[in-house]
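Notes follow once the structure below has been shown.
Chains here go by letter, A, B, C and D, matching the order in which they are written, and residues are numbered from 1 within each.
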Amino acid sequence: MHLIWLIPLLPAFGALVNGVVGVRYFSKRTAGLLACATMAGALALSLYAFFELLTLGPEAREYVVRPLTWISALPLQLKDGSIGSFSIPWGFRLDPLSAMMILVVTGIGFLIHVYSVGYMHGESRGAYARFFAYLNLFVFFMLMLVLGDNFVVMFVGWEGVGLCSYLLIGYYYEKKSASDAGKKAFIVNRIGDWGFIIGMFLIFSVFGTLDFREVANAAGSMPVESAGFGTLSVITLLLFVGATGKSAQIPLYVWLPDAMEGPTPVSALIHAATMVTAGVYMVGRNAVLFSHSPETMQIVAIVGVATAFVAATIGLVQNDIKRVLAYSTVSQLGFMFLAMGVGAYAAGAFHLMTHAFFKALLFLCSGSVIHAMAGQQDMRHMGGLKKHLPVTYVTMLIGTLAIAGIPPLSGFFSKDEILFRAFQSNKIIWGVAVVTALMTAFYMFRLMSMTFFGTYRGPAFAGAGGHGHADTGHGHASAGHGAAATGHGEWHGPHESPKSMTIPLLVLAVGAIVAGLVGVPAALNGSNDIEHFLHPSFSVSAVGGTHEGASADLAEAPEGSEGGSKGAALSGFAHASRPKAAASSASAPATESEGIAAGKLAAAASHEAVPAEGGEAGSHASWAVEIGLMLLSVLVGITGMLVAYRFYVRTPEIADRLAQRWAGAHRVLSNKYYVDELYDATAIAGTMASARGLWVFDAKVVDGAVNGSGWLTLFSSWFSHVIDKYVVDGLVNFVGAVLEEGSFVFRRLQTGLIQNYALVMLFGVFAFVSIYLMSR
Amino acid sequence: MTEAVIFPLIKIVIVLAAVLATVMYIVLLERKVQAWVQVRLGPMRVGPHGILQPLADVLKLFVKEDITPVMADKWVFTAAPILVLVPALIAFAVIPFASNDMKLFGLPISGRIADVNVGLLYIVSVASLGIYGIILGGWSSNSKYPLIASLRASAQLISYEIAVTMTLVTVIMLAGTLSMVGIVDAQARQGMWFAFMQPVAFFIYFVGGLAETNRAPFDLPEAEQELVAGFHTEYSGMRFAFFFLAEYANMIVVSAVATTLFFGGWLQPFPNVSWLWWLGIVPGWMWFCTKTFMFLYVFLWVRATYPRYRYDQLMRLGWKWLIPLAILNVVVTGFLKVLLKG
Amino acid sequence: MITQTHFLVLSAALFMLGVVGVMTRRNIIIILMSMELMLNAVNINLIAFSRQLGDVTGQVFAVFVICVAAAEAAVGLGIILAFYRNKETINIDEMNLMRW
Amino acid sequence: MAEAVVFYIFAALILGFAVLVITAKSTVHSVLFLVADFLCVAALYVVLQAPFLAVIQVMVYAGGIVVLYLFVVMLVNLKRPPELHADPRRLGRLGLVMALAVFAELAAIGAYGWLKPSGFDGSLDSKNIEQVGRALYTDYLVPFEVASVLLLVAMIGAIVLAKREQ
């Protein structure tokens, strides 16, 4: 477990080698092997660390290692006038949440690497190595993000993944749409990062530290801002802005659909499984802060559900297979934020994990389909592919069922948990969420129907019907790739993908099936393991009984001191002992302050009709409700699927008729609510206008000032030149002239006759002797 | 008064007469010696064995016409021979012919004209004056051969004067005085003639003496084959005789000085060898003259024996061998003096 | 009775004669010789004083003066030779290049 | 008494020869007069009980330096007498007047000295050379060496100057 700092470094090493050496010299095989090997190593280490973590007591599952000091302490003034030492160690923190995250990142990352080996097969050697270098680099930054034990390290990862997503979306940089999408993603992320970094500043100026645990302790000892909008609310709101940027929530979700310009594995890894969940992870990481500002929680919940709903509605009518998945991702992220908003952090994280599995699975399947259709992404030209690529079909069906929430697949448990908590928290939100779930099931099954069922609508190909998979294996894959890269090319029709792609599909399918079983709710006589597992990460949080808070604090008090001692050991200066003192001082009052906090929260919860988290322990009152909700959600899922089946498989004309009937709505939806146009009209146009104005200002005023100063310099130099020429030189020449004229007289004395000079000497002698005589 | 004026005047007269007579007969001796060396008889007509030959020469020189070239500078042309002869003669003023305890008709007289305590330097400086006559003689006769000869002569004299003066320095270091008498006494005291204590110095001095007197093999200023007769080509009659006298007088001076400095002046040889007691009977001035004549004979002998140097060889010998050797000798002598004293 | 003053006046006269020679003659060799005269006057002065004070220091300095005179003569005559080689003259009035 | 006679004779000779030196038409004549002058000065040194200086004077001045002059005079055999060209700007007469004026002043100073005559009280013993030598090699060793260096430099400089550049 003390080796966790090695987990990010392995992909970093791969990225370095591939990026520096590989791009020039490595063969495709070497590059792919290296990347996958580093990922495998990271995965192995993660598993090792995870199981080591499991061996610890449930409340002691926290481990911090600080191998290096990044920024040695520099004293800065805080908001309350005191001086805080701003010292940032390269600290890595392993607790249940980050453990889960690194498992997800490394595991799915590894699978996607393997998948990419086959998928990117058609690329040229250099581009191949470049792709894997980017991918490794992304994994490195993602791991930094999830493992960082303070905001700054996290921010490093945060920015790094943004950079990598830009690089990977714009991977086909010769395609204008791709590079534009990359820029769009980058810029939109910037807006979010702005909020995040401001939040960081505020956090430091308030708490005097950026260490997660210390911040959590300090915040835990603060009163809940149930009334009014306090500092914590501002902080959390700013952090949430960052989260919306990274996790594609309203209003910053627009970059995600365009990000589908990147290669499919990228979409799977970054835009489904890992990066987009960074926001969720960050909110969960700061659960204490959020739970101390109910307003923000409210906003988060509302934004989440709204995002989920809007994205789902847009997803209904999209025809691009990847875009459908993208919007479903957005909407699922909305679900997660909804969970966070209602305080169900564990549920949110749970859904994050399951979603990572099935959404990665879905993306990879869609990649396989596109691969089979030679780069064709429009579902209207697919259909009936079931018999062409059976593995893809089966795995994708599993993924669909999972996301639609059909038990016992993973999606069911996580989404149902969220819905249940939403129901407990707010009926309206719950209603919207249910409708969203219905639509989710509908558009996912619509996608399935249009892709695999029905009749084949794709372009004609040689030897339709007659086709052996064995003989058309590899060659077709490469052919399809040439098509994927160029858009056209010799193509022998849809065919199953090579092993390197199908095996990850199968693995992920298994994952999508079983991932949910770790979170079987008590209502189904399951012990919600994931909940208990993750709980310490959110402890000192609003939810949680007094004893839990206290125990959590008891659990973390030694950790804090240990971390402090580590800091002292690693960065040898007097301030290093500060976090230790803070931790101990924080933990000492924490025990009773938590009691108070919990009491308040209990009041707040009852007043907000939010039963305590301990409900699953205590109140069996909501058991019937929970079961009912489960049945309802299952019903909803099945309904959506059937409707979709009927619309798009049985009688497709119904869909068209509906489309004609609500043409306006249909147009609005298919144009994504004109949000991009709106942004173009407002933000982008405004930016352009202001930029142009600034340019004019620059050209006229700044350049004018520069030119004016230049002209002034010229004039002054000319003036000084005149002075020099006429005054100074005049003086010099005058002196010279005077001397010259005078010399006409005096140089007569220099006759060149030695005797005359001697005569002068003689005069001198005469004078001295005369003086001598006089003085006698 | 008597001692201050009369005796010195008498001595001067004696010395001058002796020197002139010696010069006259040295000329004869030279001719005889060369003749014998060349297995001839030499002058035999005038008197028995040519005894009276010098008189005939002198007579001839007196009666010869005395020519002064038209373009010559009269005064200088006249002054040159005198300037040559005078230094040669006044050098004898400090040469000790005999010890102070010489008795003449019962009253004691010192064996020298004057005993200056800077006698040696006096001789050196006077000798250095002789060059004027040669230069002016050559220049004033306004003819190319004499001019070249005079330049050669002066260069030669200056060059070798340095070496000779250096050797004299070593002698002074040994004797501890500049007075000629003092030097002789020092040799008597130290019981050894400086020629044996300073063979190198003696050799250098003798060679330098040959050069300073323009004798063979260093007789370039008057090399008949090249320069007709050297710096006195234009001279004739009595003025030529002056040059002649001066040259031989210089020979005598050099010989006398050599005798005084290196061969113990008037001292008798082997004073401490008992069975040579009879050497003590001979008076000091006899010893002096003997030694001097011995040197003069060597002069003639060398002239009869050695060919003439070339000019560059002369200069190289003077500057590159004698002078460094003399300086080295001075240094070594100084070291030895210090070491042996302590 | 000869006193110090006699020698001083003598040296002064000799010196002034040298000065006159320097002032009036145009033959640079003669001018140099006049300077030698001046140096001799100085020597007379020095030695007279050494006699007066019964101290040889004056003579020592006279020796140095003679050294300087020798050096001056050597260099000065060398210059004259070089000049004569170039301009075929030793007239100091024609040695007036160092002028405006 | 005898000293006075000797002094006056030599003084007259010195001044006379000096006048001849600076007035002689022929350069060679003035050189000769210079030699004579130096010899007289040497004699005066003997009167002043400085025989060493007298000998040095003869040896170095008469025997060395003036010979140098003589050489130069002989080398510089002039086609035309050097005094022909006269520069009008040369103030020779003024120089003469000034020299006489200065001499008058010095003589006046001497005349002051006459009023309180100072005979030669101090007298040098006969070991003059030894004294001079001691002074040279002990108290004035450094100046002596410097003088030797000066002579060396002068010699080199003279050689360089007189050397006919080929």
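Here is the rule we use: a residue touches a chain if its C-beta (ideal position, glycine included) is under 8 Å from a C-beta of that chain, and two chains touch if they have at least 3 such contacts.
Not measured: the values here are computed from a predicted model.
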* Structure fact -> Taking each chain's centre as the mean of its CA atoms, the one lying farthest from the centre of subunit B is chain A
* Structure fact -> Counting contacting C-beta pairs, the top-scoring chain pair is C-D
* To do: Could you say which chain's mean Cα position falls nearest to the mean Cα position of the entire protein shown?
  => A
* Centroid distance [mean C-alpha coordinates] between subunit C and subunit B, Å -> 34
* **Whole-Å gap separating subunit B and subunit D, where each centre is the average of the chain's CA atoms** => 30
* With chain centres taken as the means of their Cα atoms, state the distance from subunit C to subunit D in Å. => 6
* Separation of subunit A from subunit C, taking each centre as the mean of its C-alpha atoms, in whole Å -> 106
* To do: Return the residues of subunit A touching two or more other chains; collapse runs of consecutive numbers into ranges.
  => 751, 753, 755, 758-759, 762
* Structure fact -> Shared-interface residues of subunit D (touching two or more other chains) are 52, 56, 64, 71, 87, 90, 92, 95, 98-99, 102, 106, 128
* If you look at subunit C, which of its residues touch at least two other chains? -> 19, 22-23, 93, 96
* Which two-chain combinations qualify as touching? -> A-C, A-D, B-D, C-D
* Asked: Along subunit C, where are the residues that touch subunit A in the complex?
  -> 19, 22-23, 31, 92-93, 95-100
* Residue ranges of subunit D touching subunit A (in the complex, touch as defined) -> 87, 89-92, 94-95, 98-99, 101-102, 105-106, 108-109, 112
* Which residues of subunit A touch subunit D in their complex? -> 751, 753, 755-756, 758-759, 762-763, 765-766, 769-770, 772-773, 776
* In the complex, subunit D residues that touch subunit C -> 3-4, 7, 11, 14-15, 18-19, 21-22, 24, 27, 30-31, 34, 37-38, 41, 44-45, 48-50, 52-53, 56-57, 60-61, 64-65, 68-69, 71-73, 75-76, 78-79, 82-87, 90, 92, 95-96, 98-100, 102-103, 106-107, 110, 113-114, 117-124, 128, 131-132, 135-136, 139-140, 143-144, 147-148, 150-151, 153-155, 157-162, 164
* Asked: Which residues of subunit B touch subunit D in their complex?
  -> 73, 75-76, 79, 116-118, 121-122, 124-126, 128-129, 131-132, 135-136, 139-140, 147, 151, 154, 158, 161, 178
